[in-house]
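Okay, got some structures for you below.
Below, chain A partners chain B and then partners chain C, in two separate complexes.
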Partner chain A sequence: MIPGNKDTRDGILFSLPFLIVFVLFMVYPLLFGFYISFFQWNILGTPKFLGLQNYAELFQDAKFWSSLWHTVQFVLMTTPVLLVMGFLMALLVTSKSPLKGILETCFFVPYIFSMTVVATLWAWIMQKDFGIINQVLGLLGKEGVSWLTSDKNAMWSISIATYWWTAGFNMVLFTAGIKQISKEIYESAIVDGASTFQSIIHITIPLVKPTTILCLILQIIASFNVFGQVYVMTGGGPAGSTRVLIQYIYETGFSYFRMGYSAAMSYILFVIIMAVSVMQYVFLGRRND
Partner chain B sequence: MRNRKTAIYRILEVLLILIWVFPLVWMVITSLKFENEVVTRNFTFLPENPTFQNYIDAFQSTYILRWLLNSLIISLVTMAATFILDAPIAYAFAKIKFPGRNILFWAVMAGMMVPFQVLIVPLYLQFNSYGLVNTLAAAIIPRLAMPIGIFILRQFYEGIPDALEEAAFIDGAGRLRTFVRIILPLGKAAATTVIILAFINAWNDFLWPLIAINESQKYTITVGIANFQGTHGTQYSLIMAGAVIASIPELIFFLIFRRKIIDGIAMTGIKG
Partner chain C sequence: MRKGLITMAVLLLSGAMLFASAAPETQAAEGPIELKFWSLFTGGDGEFFNAMIENFNASQDEIHMTNDMVRFDDYYTRLTTALAAGTAPDVIVLHQARLINYVPSGALLPLDDYVSDEMLADFQKAPLEACRMDGSLYAIPFDVHPIVMYSNKALLEEAGITELPQTAEEFVEAAKKVKETTGQWGSLIDNTTGTYKAYTLTRLFVSLVNQQGGSMLTDDYSAAAFNNEYGYNALVWLQELLNEGVNPNELDYDAAMNMFRLGEGAFYFNGVWATGTMEQEEGLDFVASPLPPFMGKSAAWTDSHTFAIPVQKNQDPAKVEAAIKFMDWMTANADQWALAGNIPTRNSVLEGEAFNALPYRADYAAAVSTVVANPPTPAWGEIYETMSDLLESAVTKNEDPQTALDSMESTVNEIISHY
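Here is the complex of A and B:
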């Protein structure tokens, strides 16, 4: 194509800058982390080879299992609700309402705030003695709720803050999905006498299914990676009842400096997330066939 | 009948808007109150004597301005470096036929499946051995290895007709010149999406800067705000003032690029 074809040289030259960064800071740490997970590894001191001992210890570590369980709880508490909220928001945003533009901006705007700001704000709103929710409950003559200080409520409270923060993200994806459905399908449904509700059930929900799967997978992965909300709102408390897996990885590695053990836990998380990602390819791949 | 139904819908929508915006309004209202008006059982909604004292205190008693500046530097450098690194390789993947291209492409794309959390321990040890812990560079560099920008750019560059390039080659332009003069200008829309998302993700990053930086003057704004609660535990009006200050740059960024940000997410489905 080009005089004196230099495609090979050019291809390498154009790829090289990124590839160097990619190998140094993605491929290498990925392999290095796996290597570390077989050692007793502190920042100071000589690493000691343990074989599979870190992984064996993991399976008997009650804190690991409880952190993993809290993470799974958070995934279960957030994923279905966030999908439904995103979908309902998208219905409003794609409706004929004159307020749809304002609705879209309002629903989306929390997402651009950084998670630490959102978590700090909700920790204040849900504060036990002076937070606005309990103040208003007090004015109504009701007793205040221990939003963040009771082990029964804390994870739900963190989930509520998360709903407010990220539902708008799913709304954007659902809105894009709904807009792709052709108008003619709806028009012929109206001619056939279908109500708006029937159109949503029989047209929108089935046709938006690829988006639903995409949202589902992205949401599960994002929820598995939960950390910041918990760190700011409860610090994992009360009594460790909201400690999630990434927090335990973080504490093990950077408070107790047990890097090897921490790396072993990250690899378990990695395997879980990979399994979810692979499911994405299976499901989305089938759609493309 | 129909009018009444419409009116009910409108009222419900307005209510929804008010509920959704309320937490943000409450953040601002709290920040304008004196602390004794915040921590009291005599609940009032609006401040009796609105004050900016909390903002003055936030600037004077914390490093909040430094944190903002750090985050701004980190985000701007990440944004520029992401583009400089991602655009050429995306172009190579889209338009240059070199041996091993497909394998290389899939290897890089596989990097999208790696959750960053898996890398924190090895990356920390790596940066520690380079003596880079506690520097802004440590906060920036690992983000640059993420391949999502390449994915977006390559998809766009593939859509550019080969004829445009060939015409340039016939006119005697070399590969670099063609890339800079033809491909880059045509790919401006995709590039904007990539750098906006790079900026937002770098700005909102929390876990890695929390680990890589441990000196309070070098914190990013997200880490600074998270630690606010540790150091100013119960001064809620001051904490909310800090949260407002921390949000202003992002809010401005959002107001300017609202459409681009929303479309970028719709196109790629990237979650923070």
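Here is the complex of A and C:
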């Protein structure tokens, strides 16, 4: 250590403002949530100790399992599409197309809107009786589609809105990944007579793999945490067929004020996301080194 | 170094001030008392409420009321967390059915010591008594708002229907006739989740079960009591309207209201709170009437908005007094609230000219004696929401009624066991 150097102290001081907020609003609620998951508590009254009863109940609760399944459905419906879309957008944006500047803006703009704006907008577009899509279909003499009011379509409709909203973020990550690939590799491929398509398959995709893994992990975590779009667009309907786990956690906690049970479910979701992330790290991340 | 510490201190202080701003601010000696209120009125009656607040502020200069609109679906979430954090506004509005969720934990101030007997004597007995728990008064009823039937006069005339249907069979016949002769929908009962859940289905179901002499829960609120012929008849009738093709499938609350306003359906069911909105619709010739006794006797789902005062850490007596004055003024001038369609709770208003000059309202008021109160159990909120989901599924997917009722019964019993 150099005499007079107060790096450590300064470092702590500088991170203190963040740390205080972090502890107060992240660490403390996390620990408190775990603690309260062993109680029956309605927020206003005195908590009553239940032991593991909340966790035991959860395994019997059909609504918990159906909500978890809806969440998994959403993960499966959105993750692959969002990765492919993000990658294709990035290819366009990094291409030599004269339109690439405009395209980049178009692709990314939806992402800067807030969730409520996006979800409300799409809820109106997809409204069954007055929405613009069904109005247009009506003008063409076709029957309107139950975008949000049929349990077969509702989750897909929410997914479509999500594609539009968040694909741009993956594009940014992929664009950065693609730009890191050395130009010389492509040039020598051209010299060897490779087509653009071959370059993408044999150069871009393999070399962009670290980005793909990053996107995949981020996307799965984000999709597991889906709530806002569902809550605004369908309210979990029709008849609870799109109710996702976070929504069920929210309803139990903040509509029916069963905070303990709600906290217990949150911890199960936490364990699931953790397990998925670790698995991805082990199976996909390792081979990269 | 010195500088660093000072910067740190400033940062920490400004952080502390952020939190401090949530604490109750001290009242300025001069000027009117500032009161805060959160409104949940977003169902067509919001503008009438806002106008009333303005009139209240203009009527005197001691108290100034500020009013924030909160999305209905999020209202109780915000309210409860604010109560837990001690940051609730000075006066709150609660549905009567929700009092049971707040009174036992001591979140509401008992009002007995603050309200004069003369004021209370002016109130209708039933809604006032509903605000009492264990002998103490916790809220002042602002209105009663049962579900009613709206009928489009022009469509009925075109279909040659001269009298409003009074039984379940007559209703289906009338709805069919409208569909056949005018090509418009016979009935517009919303049955899917949109901005709101399919509450109308639950409200009708509750009404119909009670019209036959049944009830939703057992007398001690410990179990579901609708899985019998009463529930069966009610559910089958709701399904029949879709099976006969006279009611649209997958219709949400907002769409149903819009379609009725545009004259695309003959009968529509909603709370009295929609009356004012309908009256503002140009070119809509309609009549509103108490829910007909479709399945026997008269009975209609209802709820009631009530005003209450949250318990605060440092309760300011001046603010409590001001809040009581506000409640007194609002209930005594509830003929303005009746413009939206809601039924006032004070005799002086119900007998007053202003109220009786409004169309339909007197009929509503007469029907108040037949309204069905919500079961006073903390589980009711979850039961009500869950029933809306299950009825939505049963009606829109035309599920076997008995299977659907069995599943509703077991779900409701399961919910009750958690409270």
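The working rule: the second predicted complex is superposed on the first by the 256 of 289 C-alpha atoms of A that agree within 3 Å, B and C clash if a C-alpha of one lies under 4 Å from a C-alpha of the other, contacts with A are read in each partner's own complex, and residues count from 1 in each chain.
Everything that follows uses one rule, which is that a contact is a pair of C-beta atoms (placed from the backbone, for glycine too) under 8 Å apart; a residue touches a chain by one contact, two chains touch by 3 or more.
Because the structure is predicted, anything quoted here is derived from the model rather than measured.
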{"item": "First (chain B), second (chain C), both or neither touched by A:Phe130", "value": "both"}
{"item": "Chain B versus chain C as contact partner of A:Gln180, first or second or both or neither", "value": "neither"}
{"item": "Chain B versus chain C as contact partner of A:Ser195, first or second or both or neither", "value": "neither"}
{"item": "Greater residue coverage of chain A in the superposed arrangement, chain B or chain C", "value": "B"}
{"item": "Partner chain in contact with A:Leu214 - chain B first, chain C second, else both or neither", "value": "first"}
{"item": "Which of chain B and chain C A:Ile43 touches, first, second, both or neither", "value": "both"}
{"item": "Partner chain(s) touched by A:Thr149 [first = chain B, second = chain C, both, neither]", "value": "second"}
{"item": "On chain A, positions contacted by chain B and by chain C", "value": "6, 10, 17, 21, 43, 127, 129-130, 254"}
{"item": "Residue ranges of chain A in contact with chain C within the complex", "value": "6, 10, 13, 16-17, 20-21, 42-45, 57, 127-130, 146, 148-150, 234-240, 251, 254-258, 261"}
{"item": "In the complex with chain A, residue positions of chain C that touch it", "value": "1, 4, 8, 11-12, 15, 73, 76-77, 80-81, 83-84, 101-102, 104-107, 192-198, 248, 250-252, 255, 258-259, 378, 381-382, 385, 389-390, 392-393, 396-397, 418"}
{"item": "Contact set on chain B toward chain A in their complex", "value": "9-10, 13-14, 16-17, 20-21, 23-24, 26-27, 30, 38-41, 43, 84-86, 88-89, 91-93, 96-99, 101, 104, 108, 111, 113-115, 117-126, 128, 141-142, 144-147, 150, 166, 169, 175, 179, 200, 203-204, 206-207, 210-211, 221-223, 225-226, 228-229, 236, 239-240, 243, 246-247, 250-251, 253-254, 258, 261-262, 265-267, 269, 271-272"}
{"item": "Touching residues on chain A, where the partner in the complex is chain B", "value": "1-3, 6-8, 10-12, 14-15, 17-19, 21-22, 24-30, 32-33, 36, 41, 43, 92, 97-99, 102-110, 112-117, 119-125, 127, 129-130, 132, 135-136, 138-139, 164, 166, 169, 172-173, 175-176, 214, 218-219, 221-222, 224-225, 227-228, 231-232, 246, 249-250, 253-254, 259, 262-263, 266-267, 269-270, 273-274, 277"}
